[in-house]
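Consider the two complexes below, in which chain A is the common component and chain B and chain C are the respective partners.
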Partner chain A sequence: MKSVAKRDPLIPAWLRSSRVIGAYSVIAGLAIWQLAYQGLTWTHYFKAYAINHFLSSPLQVIQSFGELYQSGELLRHSYFSLLEFVYGFLLAIGVGILVGFIMATSKKINYYLDPWVSCLYATPLVALAPVIMVWFGLGIFPNSLVVFLGAVFPILLNTYTGIKSVRENLIDVVRAFGGSPSQVFFKVMIPDATPTIITGIRLAVGRAVISVVVAELFGAEAGLGFMVYFYSQRFLPGPVFVAIVVLVVFGILSFLALEKIQGWLSPWYAYRLRREAHGMELE
Partner chain B sequence: METTGSKLAVKHLRKSFQSQRSEASIQVFEDISFEVHPSEFISIVGPSGCGKTTFLRILDGLIPHDDGDILLDGKSVIKPGPDKGFVFQESSLLPWRTVMDNVILGLELQGVASGEARKKAERYIALVGLAGFEQHYPHELSGGMQQRVNLARALIVDPQVLLMDEPFASLDAQTREIMQAELLKMWNQTKKTVIFVTHQIEEAIFLSDRVVVFSARPARIREIVKVDISRPRSLSVKRSKEFLELADQVWNIIQEEVLKSMGREREEGVL
Partner chain C sequence: MSAIGTIYRSHEKKFDAVISVILGLIIWQMIDSLFIRNPLVLVGPSRVAQSFMNLFSRGLLARHVYATFVEFILGYLVGVVTGFGLGVAMALSRRAKEILNPWVTIWYNAPIILLAPLFITAFGLGLVSKVVIVFIAAVFPVLFNTYTGMTTVDGRLVEAVRAFGGTPRQIFFKVTLPGALPLIMTGLRLSVGRALVGAIVSEFFGARAGIGYLITAASEAFRTAEALVGVVLLAIGGYATFEVLKYIERRIAPWYEHRV
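This part shows the complex of A and B:
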């Protein structure tokens, strides 16, 4: 057989990297969207059905973004949502890790808490949010509570799993050198569980962003979710998409930031994952 | 019994485990007694599953024993501590710590100041031939290098006795031989008392002053074979006549034990 898959020297390597290809894909998608919208404007349907009240184009979204940014409206809404996110998410990290630790280390407490955790985790947040509004009214606090409920369980369950799956032989090492139970905890259990806990926090980011929107859809006077609600009621798709794009970008950036933190805190973990994925033994 | 002159004395040690499937308890050892002299190198061999590793863990105090006594320098062993150094089987290094941080673990747990611990660690890392690798992580090292770190980690606490649990079992044949020779060199330098568990007969004979042969479970001491081969030994000694005769002798005992245990299992309907 003749040799195949000869590299094309005309395209340099960096242009063939996964990131650059991903960027091409997004740009192409946006271009198709823009062209399709442009095409629609030339048909008689556009006016007849007032399509500009339902659809928007990337250029129009950028324009709306500029206007909303200039007027300060976008920043005000973003700030409100960010506060809800930060309060709810930080509380979820604190409570999730603490309760996860306790449940993993005390069988008895685990017996009591486990059914509650299972029930609450299975409860659709969308059903819970209005109840919380009824109890606590509108504002940052009840919305943060919704974010907390949305984000706490992945963190709690991953902390539990992380502590439960700490490797016995590593615990033995510290014990064999005369380590006390608290030294076992701080020098083995926490470092070995850290990557799993951070994975839980990463999973929680997405749920927290969704929770921000859910909470604001049900009741708020400001926020990005509120923006979505407010402008879609007025048939103004531009600002709606602006809010959505800000949420998406925020979600992606937090996810990537946590990935960086994970790599920085536990550089050995990527290696372990790779090894497990390939089913290899530690050499 | 008079114990002066012995570094480590094991007296009438008994241990049984509760079976997880039935109420019955499984006898692991019945009545194990022997003494180890200072700076002696002892290996323990026996048929697979006879409880060699469990025995070593009991000597360290990681697992409690039922009956009998373990005396290290005349004092009863009840829990692990820096008077014993344990070299584990493969992959027992803390993966989030560098070579340096793994080696200082024992000192750190004792509360030794970091600067002092690091200085000492440099010496031991050099002793096991890993100078220059202080800042590497375990996953960046080969299996043989990892076990060198494991050894340095056990030696740095300056233990009275070094307990080694099949430390070279997962290494390839060449690396294992090199590590055996290196271990003898280090032993010669540090003059530690060593208890070395292995399933490899020739490894046991090559390293040891005496080889303790365990019987099949419940384990007793079947025989203690004295290795009268002069030191220092080089790897070529493994081809000498006296070495091969000793290996034959130990192998015959183990073979007998394995057959006996298979016969018993057949009677009990396990096989």
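This part shows the complex of A and C:
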């Protein structure tokens, strides 16, 4: 115990909240990055190792963001990536929920599909991207297929788990009061499984974004992944970082949006959700 | 007949799995040999097996698997240790948590694979660039799960130990760490998948050996069978590590309820 008397804190409380400290941390990190880059430019290593060919500074990234935005290149690439993402992801949601539901309700089908699903889930399916390019050629469709493969299994497995873990006593109650099978389905199973299904969809977002990028590396005429590859091969790191920032922002925004949707669809789950939101990946 | 029926019914799940796999392979083979007879488009399991044996006997397979394995294991181990350390630091110190949290969120959600081309230009085609990518891919699931596990340990247990005069050290080693163990193991398992993807994708960009290299090199030359050998190897490797870690998880923390 150093001093018992309470002093007024030097920094007011709102400046010490964890959100503001987080913002400081990000700003400080960016500043360190910028300063380190500046410092490097003055040493002779900078020229000797051609560091500006693979490292960029925050200011340069902002500058190349402006250039790419004005020339319309960024929007074109983002549009292509977004299309692939949306097609593949919607297909994954549809198929994942349907197959997951069928597997949860029919034991026989579950037994037959289970070895395939668990094996494909453990496989890094981005490895199939080059093979898919060979089969289906270039363009939006094969890339969407890679996104589909990347995203479908978390959704499928979470739908399966969600439907399987619907509380039996709820179903019994509805049935005891004369509920029809369709009522059991729509009033009990769907609402009870929704949070788990959306958790699966949230997990799938990250995988889908990676799949978009990897698919575009192999064969594409446009897209953010194509942009990364194109500029990194020309040793221009600025645009590469721009694409990365766009994808990071997209990933985080869709993650937060799905968290909101989950809160609307199943508010009773919001508490558990908040505990799990920080990274605890459900399977 | 009834004896077979009883055996079948008592192990229905396993039998069905085997039947399903065999049926799938037969259908795949039939499509290959009856409908699409173009080896550029589709190759059946027999052709994949053939080219597996071919690669194996030439010693190429061992070389590629070894290269990927070294990248994977180095990056994974460093990533796991770092992730665990940072996770513990974030769970124990509020300040560390506040400073690290935004960065961890950003990096965890970022498609880190995108950095692969940059790392390759920076660190070259060799081992270093891949290990760095695998490391970044593997570190965050462990970090997050260590943190979540340590912060969600039942407060009553901590209080009980403290009430009986437990030191902070004892609380850490006897309560918090064992309590967090199941989640940490889950993090280890999730990291395996991400690290594997990291290793493969970094090999796509530029490598001299490795399963990812095998897949790209083969598919660019339209040797689809060889590419599929790589994919099948990954499937087996991924599945095996997944199951082994699941088994360890169950042994270490049998009280922990598994979700799947």
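Quick notes
Keep in mind that, in the parts below, the second predicted complex is superposed on the first by the 252 of 283 C-alpha atoms of A that agree within 3 Å, B and C clash if a C-alpha of one lies under 4 Å from a C-alpha of the other, contacts with A are read in each partner's own complex, and residues count from 1 in each chain.
Following the convention adopted for this analysis, a contact is a pair of C-beta atoms (placed from the backbone, for glycine too) under 8 Å apart; a residue touches a chain by one contact, two chains touch by 3 or more.
Keep in mind that what you see is a predicted model, and the values were worked out from it rather than measured.
After overlaying the two complexes on the shared chain, residue contacts for A:Lys108 are found with chain C alone; chain B is out of touch. In the superposed model, A:Pro267 lies in contact with chain B only, and not with chain C. By the touch criterion stated above, A:Trp135 is placed in contact with chain C alone, chain B being left untouched. When the two structures are aligned on the shared chain, A:Gln183 is found in touch with chain B, with no touch to chain C. Of the two partner chains, chain C is the only one that A:Gln233 touches; chain B does not reach it. For chain A, the partner with contacts to more residues, out of chain B and chain C, is C. Of the two partner chains, chain B is the only one touched by A:Val174; chain C is not. Taken together, the two complexes place residues 281-283 of chain A in contact with chain B and also with chain C. Looking at the complex, you find that chain A touches chain C at residues 18, 21-23, 25-26, 29, 53-55, 108, 111-116, 118-120, 122-124, 126-128, 130-131, 133-135, 157, 161, 206, 209-210, 213-214, 217-218, 225, 228-229, 232-233, 235, 237, 240, 243-244, 247-248, 251-252, 255, 275-276, 278-283.
Looking at the complex, you find that chain B touches chain A at residues 60, 62, 79-82, 84, 86, 88, 90-92, 94-96, 105-106, 108-110, 137-139, 142-143, 157, 170.
For chain A in complex with chain B, the residues that touch the partner chain are 169-170, 172-179, 183, 187-188, 191-192, 194, 266-268, 271-272, 281-283. Residue ranges of chain C in contact with chain A, taken from their complex: 12-13, 16-17, 19-21, 24, 40-42, 94, 97-103, 105-106, 108-111, 113-115, 117-118, 120-122, 140-141, 143-145, 147-148, 152, 183, 186, 190, 193, 196-197, 200-201, 204-205, 211-212, 215-216, 219-220, 222, 224, 227-228, 230-231, 234-235, 238-239, 241-242, 259-260.
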